[in-house]
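What follows is a set of notes on a single structure, which appears directly below.
Should a chain be cited, it is by its letter among A, B, C and D, assigned in written order, with residues numbered from 1 in that chain.
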Amino acid sequence: MSLELEFADGRDVFATEDMVLNMGPQHPSTHGVLRFIIRADGEVMRSAKADVGYLHRSIEKIAEKVGWHGFMPYTDRVDYVAAMTTNQAWAMAAEVLGGVTVPRRGEYCRVIAAELGRICSHLLAAGAMGMDIGAITPFTHAVRERELINDLLEELCGARLTFNYMRIGGVAWDLPPGFGAKVLRFLDHFEPYVDELDDLLSGNKIYIERLANVAVVSRERAIAYNLVGPNLRASGVKYDIRKHLPYSVYPEFDFEVPIGEGRHGSVGDCWDRYIVRLHEMRQSARILRQAIDGLPEGPVIAKVPRNYKPAAGEVHVHVETPRGDQSWYVVADGTEYPYRVHIRTGSFAAMAMIEELSRGLMIADLVALIASFDIVAPEVDR
Amino acid sequence: MNTAAIQQFLHERFGAAVGPVESARLFDYVEVDPSAVEEVALVLRDHPDLAFDCLNNLSGCDRPTRGRIQITYELFSYVHRHAFVMKVGARRDRPEVRTVERVWPAANWLEREIYDLLGVIFLGHSDLRRLLLPDDWVGYPLRKDYVEAPEYHGISTVRESALKLSERR
Amino acid sequence: MSGYVGNIVESVTSIFDGMAVTFSHFFRRPYTVQYPDRMPVRVQDTLPYRYRGFLEVDLEICTGCLACERACPIDCILIEVLKDKETKQNLLVRFDIDLAKCMYCGLCSEPCPTGSIHHTREFEGADYSLESMVRRFVLEPTVTYKPKKAGEDDPAIVPILERGMRYVNEFAVPEAAPKAPKKEAAPAAKPAPAAPAAPAAAPEVQS
Amino acid sequence: MRAYLDAIAAGYPTVSPALVYLIGMLAFGALVVFVFILPVAGITSWVERRVWARIQSRIGPNRVGPGGFLQWLADGLKNLLKEDVIPAAVDVPLFRIAPYVVVAGFVAAFVALPFAGSLIIADLNIGILYISAITSLVVIGILMAGWSSNNKWSMLGGIRSATQIICYEIPVGLSIFPVVLLSGTLSMQGIISAQGWAPTSWHMFHSPFLFVSFLLFFVGALAEGNRTPFDLPEADSELVAGFATEYSGMRSLLFFLAEWGNLYVIGVLVSTLFMGGWQVPHFTDNGVVLAVAQFATMFVKAYFWVFVAMWVRATLPRVRVDQFMTLCWKYMVPIGLVNVVGTATMMVVLPQGSIVLRWIMVAMTAAILVQFARRVFFHLRRANYGRLGRISEGAA
């Protein structure tokens, strides 16, 4: 006896139509405004195509119009979750082109600010990850800690989000009196908090089950797709710009580069990406302690003309932002305006990979995947 | 390997398609012919001494004075931890370059971005659509001669400054 | 089987510990700041000195040098200075700042020689239209300020200039510029090109 | 209840007693709904927000009334006055009815819920069976809401909810079995009467099987009530708001009313089945005082579990659909079956139960609580949360 498993026109009787779902542009877990076009069979996705550009503010074009000094506040907006490192990237690009040397104290100020910003960003990433998996409390706790850093940074530069702290040649403000002690006091509070987050979230069985072995990125695929920063390191590649292509005064500090070990699944799964960020916060705290300890005396900014005109030339600058190696390609033509600025950000590379990774995942996993890549939509769109 | 050695190696293999070592003041680069870029890229990736497994950055830059749109490939090798910069000059009136998407998957979006903002057509690209701008946007904003349309779907692209408004009163 | 039991044990213990963490928060103080009404002090008064709130211009000490207008990357400052032909004085006839457009980057207050344009700690500016966010500082043409060689002696202006110079002194000093003696970790005092008499007041410590 | 109605019916000989019964029951039902269920559900919403807030280092709603106590009234009024938006493409009748079906499903459960020894609307002899059956009505309402919304997120939410409630009926049923075996009745009052006021006489501590049963029941009840970690149908980070996405105003609130009210039902069920319900020591012969004491005991016990559910929700992440099914079919159902067999065996071997075993169970629970307190103190000691910055200084 044969079962009729096909319709007259040859279609499988049991075949179901795929459902096309629009996730976004407004959706609680898209971390900004972005859209996924999901083809799903029930809860399982066939593919999730990312549609970006909702937050495109043409920052690269603006750079060609506002001049070298004037572009600094715009770099805050490239990645507003960690504006300090983007500030630093632009300052470094302009300095390299113009041959400006930053005073040592200026570099230390930059490192202190950038590492505080890194903790800030990773806190948000870890908290939002918990939020996307459904745990609400870790997010508020992370934001609570982040507020304390924001208070510190506000004292340092007068803003909580768009810092505009760095200048070509150094930083705009020296550390305020007693700042170092305050940072140390904060770190004394912060380091136990990370352990608490481990107890509350990272060790939780449900959380591990949700993340382990989900969206595994192998070492080869991570490199081919040019994943950077924590996402790359979670796949087992020990590469950190601060360590391996050193800039600023990072060689003077003793810190480790955590990589994914696949403790609960395979190397390069969502849980690894999460835990790498947690470890990086601890390392940042370590750098901060050393930086405050060894803070040299002296000026914090070099003499740079108001009308800054670096000689014609091109430069590639790499800076380790919380979302990884941010690569700036800056062309100067000897005028007071940059000729061309191109920013390849960490989220951009990660975003391009989501389509490949999403195949066969469940819709709930896509949320975990986006969160684990720590995608900040404005950084993708710029 | 440094840029000079890589250039020599590539020049021996590809002849005139690979230009001499040139300097952009802060780094050296090698100019590659637009039609040969995919073959060069494959060699760069697959040769064990080069092993450029990562396309770190792909940027375009409009150079109207030279009549070219210059595309800069910044390559990095995680195996040897060395970097290499390769440039391709696409003709401004007919900007066509072979895609390297099949060599480095990362190029997929980077090339789409360049197509979107500079209008370079990557031959053989699997999904060459606009990335950041709306699909029906006219023009390529990062070209130096780009003039923004006064309106987009009836929405003005200019907002008068409130300062100017207050002047009128 | 061991995996089966292990899973159960792991789930129970990890949830147990997570619950302990959350329960311990019942015994911790909440961090909430009940802005704006239930605060012991106004939130503006708790902000640090460097806070970048609304821009404000002290016309008494504005030299009309247009440095701020040039520094602004988004052209939200509009200044007009006229030369009075009879008295040979510069007249400020317009000093408008569009606070709706301003991005509070602080680039304008940096080049100001006297600290005339500076950020305040005010930030509450909700309004019904964008145009009403334009602040007009010049109500009637004002003579621009001219720094005096011997130091400021007008008792009406001295406190304003002192305040302005204190603001200027917060900014970092370039490497090559001469430095005023400073205490440990205190911000370097910027040389005051326009007002030599201004005392470098110790920056207010906000905590 | 019946006696009162008989008395009234006797006063009006011309009216058919059936009509008196009907009107009387309806009036009483309305009274219970308005005087008890709505306030309890509403206050639960306020308590939940305050509990969450404290866990998250916040204060929570504290402006309306003393300590924000009347927040639920303000929210309810606001939602009543809001526009009831019905999107153009929805299936209008179903869309309108769905919230009522959900509320009806959960309110009907109150018929058989005991409040005190003499306070129960109807002591059905199939009480627990009735409750577990009638609460499943909710799934129909949720499916209706999900399907009629004409929104894919809503539909996914509705389908998830249906699978969830249907699957978890089984472990919940299995975890009720041992209790029924022990008490020999399905009646709620009967189950409570089979226990005493002392913890050693509670079903929960009868044997390890019953203790595990209790845990299974609580987890299963959370799943049936769509609570974290099983809040898949309305998983806000995945499905926006699940089946409630398209709802606004009061209709949306009704879903949440059912959810919060359901928490209380869960609490009452747990305390009835496993914790001796309203049992208090017989300290007075005054029936009214005793009833009040019983009611208070029941309420406190039930509300303790409501609190635990809130606390769990603030702590745990959400499981995925497939893990959710794994948990149900691979873990809870087999363990539930073992429990049933184990309890039955126990009852054959030790028909009267063992007081030593009961004391051991109580001691074990106490040990767990002590360990818990130690962990809490450890976390408190470790967290260095002194005065840090402006935030903590500004805090009231």
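The working rule: a contact is a pair of C-beta atoms (placed from the backbone, for glycine too) under 8 Å apart; a residue touches a chain by one contact, two chains touch by 3 or more.
Quantities reported herein were computed from a predicted structural model and do not represent experimental measurements.
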Task: Mutual neighbours - chains that touch chain A and chain B alike - done: C
- [ ] Tell me, please, which two chains come out on top when C-beta pairs in contact are counted per chain pair.
- [x] A-C
Open item on the list: Based on mean C-alpha positions, I'd like to know which chain lies farthest from chain D.
Closed with: B
Task: Rounded Å distance between chain C and chain D, as computed from the means of their C-alpha atoms - done: 54
Task: Intercentroid distance (Cα basis), chain C paired with chain B, Å - done: 41
- [ ] Provide the C-alpha centroid distance between chain A and chain D, rounded to the nearest whole angstrom.
- [x] 42
Task: Centre-of-Cα separation between chain C and chain A, whole angstrom - done: 28
Task: Residues of chain D touching at least two other chains - done: 55-58, 314-316, 379, 383, 385, 389-391
TODO: Please set out, as single numbers or ranges, the residues of chain A touching at least two other chains.
DONE: 137, 144, 147, 182, 196, 199-201, 204, 206
Open item on the list: Counting only residues that touch at least two other chains, what does the list for chain B look like?
Closed with: none
TODO: For this structure, give each pair of chains that are touching.
DONE: A-B, A-C, A-D, B-C, C-D
Open item on the list: Going by the contact rule set out above, which residues of chain B touch chain C in the complex?
Closed with: 161-163, 165-167
Task: chain C residues touching chain D - in the complex, by the definition given at the top - done: 7-8, 15-34, 38-41, 43, 46, 207
Open item on the list: List the residues on chain C that touch chain B in their complex, please.
Closed with: 75-76, 78, 96, 98, 100-101, 130-131, 133-134, 136
- [ ] Flag every residue of chain A that touches chain B in the complex, lowest number first.
- [x] 52-53, 56, 58, 60-61, 96-97, 220-221, 223-226, 237, 239, 244, 311-316, 325, 327, 329, 331, 339-340, 342, 344, 348-349, 351-353, 356, 381-382
Task: Interface residues, chain D side, partner chain A - complex - done: 52, 55-58, 152-153, 156, 228-229, 231, 235-240, 313-323, 379, 382-386, 388-391
